[in-house]
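Note that the chains are named A, B, C and D in the order they appear, and that numbering of residues resets to 1 at the start of each chain.
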Amino acid sequence: MSALLEIECLGKSFDGLQAVSGLTFAVGEGEILGLIGPNGAGKSTVFNLVNGVFAPDAGRVAFRGDNITGAAPYRVARLGLARTHQIVQPFAGMSVLDNCTVGACFGRENLPLARAREAAREAAALVGLEKRLDAPALELTIAGKKRLELARALAARPALLMLDEVLAGLNPTEVAHMIEILRTIRGRGVSILMIEHLMQAIMSLSDRVVVLNSGKKLSEGVPAQVANDPAVIEAYLGDPGMVQRRPQ
Amino acid sequence: MLGRPFFWIIAVTIAVFAAAPLGGNVELRESLLLAAVYITLASNLNLMLGYAGYVNFGSIVFFGLGGYFCVYFMGSLGWGLAPALAVSGVAVSLAALVFGLGILRLRGVHFALATIGVNEAVQAFVTNFEPWGGSTGIYLSPELFQPLGGPAQALWIIYYLLVAIMGASLYLSYFVKRSKFGLGLLSIGQNEDAAAVLGVPTPRYKALAYSASAFLPAIAGGLYFFKGAFVQPADAFDLTLSTEAIVITMLGGQGTIVGPALGAYLYEELRGWLLTSETFANFQLVVAGVLLLLIVQFAPDGLMGFFYRRWPRLRRIFE
Amino acid sequence: MLGLLASLVDGLLVGAVYGLAAMGITFIWGVMDVVNLTHGAMIVAGMFGVYLLVAATGVPAYAALVPILIAGFLAGVALYWIAIHRMIGRPPLMSLLATFSVNLVLIGLGTAVWGTVLFNVSVSLPGFSLGRYTFPGTHIMAAVLTAVIAGALYLFLYRTRAGKAVRAVAANREAAELVGIPTTRILALSCGLGVALAAVSGALIATLFPFTVLSGDAYQLKSFVVTVLGGMGNPTGALVAGLALGLFEGLATPFMPVSWTLVIEFVLFVVVLIAFPGGLISIGRRRPAVR
Amino acid sequence: MRKFWLATAIALSIAAPGLAAAEDTITIGMTVSQTGPLNVDSVAQLRGAEFWRDEVNAKGGIKAGNKRYKVRFVTYDDQSVGGRVQQLYTRLIVQDKSNFLFGPYSSGLTATAAVISEQYGRIMLVGGGAEPKTYQLGNKYLFQCITQADYYLAGAIQALKEKNPHAKVAFVYSDDPFSKAVVASAHKLAEQAGFSIALQESYAPSTTDFSPIINKVISSGADAFLGGGHYPDGATLARQLHEQKAGLRYIAILVAPDSPKFASLGDAALGVMVPSQWEPQVKYKPDFGPTPEQFAKAAYATTKVEPDYHTASGYITGLLLQHAIEQAGSIDPEKVKAVLDKTDVNTFFGKDRFGTDAKNHGLQIGHEMVLAQWQMKNGKLSKEIVWPSGAATAKMLYPLAEAH
């Protein structure tokens, strides 16, 4: 398994607060890697450092062998790395189809408009939004917006998909549906790096898991191994919020 | 493209502008000429304001600089109208690119303030710039109209050139909106960070749009000030005109293709009426202000936005 | 040498008034995240306020400041409810356009009523002489009153309950709401205060220089320059930057044609906006302009 | 396209022959700065023109051949803004069908209006555009009725030379076409006169705070001050020079001190001089029209305002047009133009003659100016002619302090 994304000694601080430090891990080709950790562990910051929203203070990020440390988000996207946001960021006034078309147009394949529309339709269909193509994004439900967020990223036909809590806020049926979708995506050979709080889901989906705590890597390994790591258990027991975050 | 109804709607608009004063109606020509200038300014402003969501309060700087370049090339360097216009357009677009690289790093209100700053800085500079006549400006000899067949004929030629520029502006709005570039701009207007994450090369697109929105207004400015045979800083960089362009764009509907044209036509009609009305002659600004306030408070997407919401099918025809 | 000193003092005196004018705009910015484009019109309203009060009642110009302060405050509260309230939480562009439209209305009405003729409030105060140079008494008085008003604003913000609430809203509106501060009322109050500052500075300017309905534009632009130099949302910074700008104008005039100072000011404005969005003089907190 | 149909309908309806009513009226169009910084002087000029119109109409109109034409004015407010001037002059010609035009006030606006009058080939008489460059661009229909800018300060400089041949002069002037043209040639004259130029500084026309510039004047050690622009800046300048005790011995300011309103400055007005196109006290012998005294009295009686030179120049534009139409016996523009080209007359306003060579067509080459000073007379501020000595009504008070 060759590494698709390599992160070495990544570090970032905000106003003196160390959000991420000395973090090293890699995502392999075709792999689903779960990134878990208590609230404030720095998971979303890692995403932001990888795709260029923030430039890291230290360390190196390489994607398919190219050094992308501190590259602008649109450059990273063009290389085939797509992501979703923890708080959905739809283009509220644009239609679902247009939202997805943006992803397709400016993603890895840099498609011309007409072909991008096709890719956008496919992506929308994949997440089950094919009936709402003309609806403005702001009219979708939260679950719909989450799916749109995913469809937009998928339309880019990325090599690596970074998902930031796509399951949060969904009801059990919706969660089951979303997991179905993620499996399909993976079946198409797309690698996934996902942040998730739903333990059941992430443990069943992931090939490997990386646990973050206070910006540092606490543990890494296959799900079963990580779940039994004493350090991980301690970190989570120190986080009483865990109880509420189990699926209802 | 040819199958799209709106392509033909633009063509008809241009044809009406071209044909209406054909009987030699100079009065109508003058009124339509102003409308054409407003439409040009508003629909180019719309590229930044409506599509990319950047409020350019100082868009008039393009118009004014275009006027200055053109008048300078013709009056002081003895160029003909065509090369003077072309070079003015290119020069101002390049200048816009340079300004843009700086101020497009700013967003929202900061960007709006910076555009005012750019306009004021350019105006203050030109006021002191002696090769361009300082505050006096540049006056052209009436003899410069001779190559166009004398002043009377020159005025007609200028009118048709301005109508062509107006048409070009509408088609530019249209093609940009229907292009990948336009889609990128619209996504920037909706959520710039998300657009960048999806791969939209935001700095390049914004700079391109800013620069493109300078080209046609610069040529229009060149024609406008050539027509008047003089240009001076107070007129060339009058912020009132760029605010009028904003009012027009907001009135018609920002981000739509017809909006700016509709807004410009209505605004010019209203202005003409206010200008000649005994009671309201002095209330042009008040009316513009009240209109803008109402739009901002109650109908932020303007007339076309209102129509589209009311009759969604219209959007298919006009966009 | 004496000439330079005279220019310096004169610059500082005028600069204090620039600072006062800019405090109004920067205050509203800091608390409400709104750029008040009616600022220039409100300055002009203050000017005409003094003119009309003096003409109608014959009171000394400085006695007119108190009613103008009150009227300015009320106008600001009205402005909040008419134009700004619905814009809170909408994109910044909307509040910009909303205040701008009110500005158009005010300037339009002013032009319709008074035309654009020059008006003059004559105040005679003994000046202060330094060799051949004379500083008009009105300039000295304006600077002193600016200091008094700035001091009063400081006391209000740091020593009163309402002032603390204002600062809380400025720091974090949601959090302030959560701890029970009536944020809407605080926003209206802040808008009132900001406009009152604009009106009073206009009244003071009217005692210094003649004015027209359109004079506000120039002072509004100058206020922007001062605001950007001093850091947006930072009243202390505004005062310091105002003094600095006045000083610059005073000191530059002996060395260059007066008309070039404007070019430098606006270039500085744009450059500072781009390069130091927190302001050159960031005594207070910083607000990132570039994300 | 409502306008289009409307226009077509109007065009059809007036195409019908037999327009008896329109024939005995001539329409004269002009813009006036009812608002804006030029308003004081521009309105004074309009007063003069309207006074002429009412006088002519009271006498039954202008006689051309065997016809009499009543005069009708169409005026618009140009707000002192150049951009509007062009729109409005186009409107005056195209829509209001003006037969003749009068110029707007100020050199800047005149230059812009002249473009339109030339484009449409309408005669325009100018009573308030002194800057000469406009008349040297090759315009054919433009006639300047007042002395051009190059000579404005010539009198002030000669008068100063008589008092103090070694004067140190400060030129402080508004950055507008007129004031720039005036100072450019005054600068040359001052050097020829052997003065030293202590300071030359321009300011934006909208300036209201002159204290930095006045400090500069003081630092320069100048004892004579020449400059200004139009009413608002000139009046403010005089006031602040007084307030800051600039200690000058000689002050001549353009335009502003000529207005009767200038007296409202009180002490600050005392001793200030102004180059003037005309003063009520002049003693010219007219070939036709009123004498200076008759004009001043009648104008005051009708308009209730003391006539200044702008009022006189407003009147003279009308008078010269009337004279030309009467001489031509027709309102045909080419015939009237031919008479104007040959005009060489004396009126209450003094001598008037226009340049006729292609490079200077329409430039005023006959008229002369005087220099007036605000003095205290019988406890009241009054404007007296102090130069040339032949026309003087009072002795020049020099240095300035003597006026106080």
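In the analysis below, a contact is a pair of C-beta atoms (placed from the backbone, for glycine too) under 8 Å apart; a residue touches a chain by one contact, two chains touch by 3 or more.
Since the model is a prediction, treat every value here as computed from it, not as a measurement.
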**Prompt:** Can you tell me the least number of steps between chain A and chain C, where a step is a move to a chain it touches?
**Reply:** 2
**Asked** Central chain, going by Cα centroids?
**Response** B
**Request:** Return the chain whose centre of C-alpha atoms lies at maximal distance from the corresponding centre of chain A.
**Result:** D
**Computed distance of Cα centres, chain D from chain B, in Å** = 37
**Message:** Need the CA-centroid distance for the pair chain A / chain B, whole Å please.
**Reply:** 43
**Message:** Taking the mean of the CA coordinates per chain, how far is chain B from chain C in Å?
**Reply:** 32
**Asked** With chain centres defined as C-alpha means, what is the inter-centre distance between chain A and chain D in Å?
**Response** 76
**Complete:** Contacts with two or more other chains occur in chain A at residues none
**Message:** Multi-chain contacts only, two chains or more: what residues does chain C have there?
**Reply:** 111, 257, 259, 262
**Message:** Can you list every residue of chain D that touches 2 or more other chains, as numbers and ranges?
**Reply:** 175, 202, 204
**Prompt:** For each chain, which other chains does it touch, given as pairs?
**Reply:** A-B, B-C, B-D, C-D
**Item:** Residue ranges of chain C touching chain D (in the complex, touch as defined)
**Value:** 3, 6-7, 10-11, 14, 111, 115-118, 127, 129, 132-134, 136, 139, 208-212, 215, 218, 249-250, 253-254, 257-259, 262
**Asked** In the complex formed with chain D, which residues of chain B make contact?
**Response** 16, 20, 23, 25-28, 30-31, 34, 127, 134-137, 139-143, 145, 151-152, 154-155, 228-230, 232, 234-235, 238, 269, 272, 281
**Item:** Complex interface listing, chain D residues touching chain C
**Value:** 34-37, 39-40, 79-80, 175, 201-204, 206-209, 211-213, 215-216, 218-219, 231-232, 235-236, 243-245, 247
**Item:** Contact set on chain D toward chain B in their complex
**Value:** 1-4, 7-8, 11, 77, 81-83, 86-87, 90-91, 94-95, 108, 111-112, 115, 118-121, 133-134, 137-139, 175-177, 180, 202, 204-205
**Residue ranges of chain B in contact with chain C within the complex** = 53, 55, 102-103, 105-110, 112-114, 116-118, 120-121, 124-125, 127-128, 135, 193, 243, 246, 250, 282-293, 296-297, 300
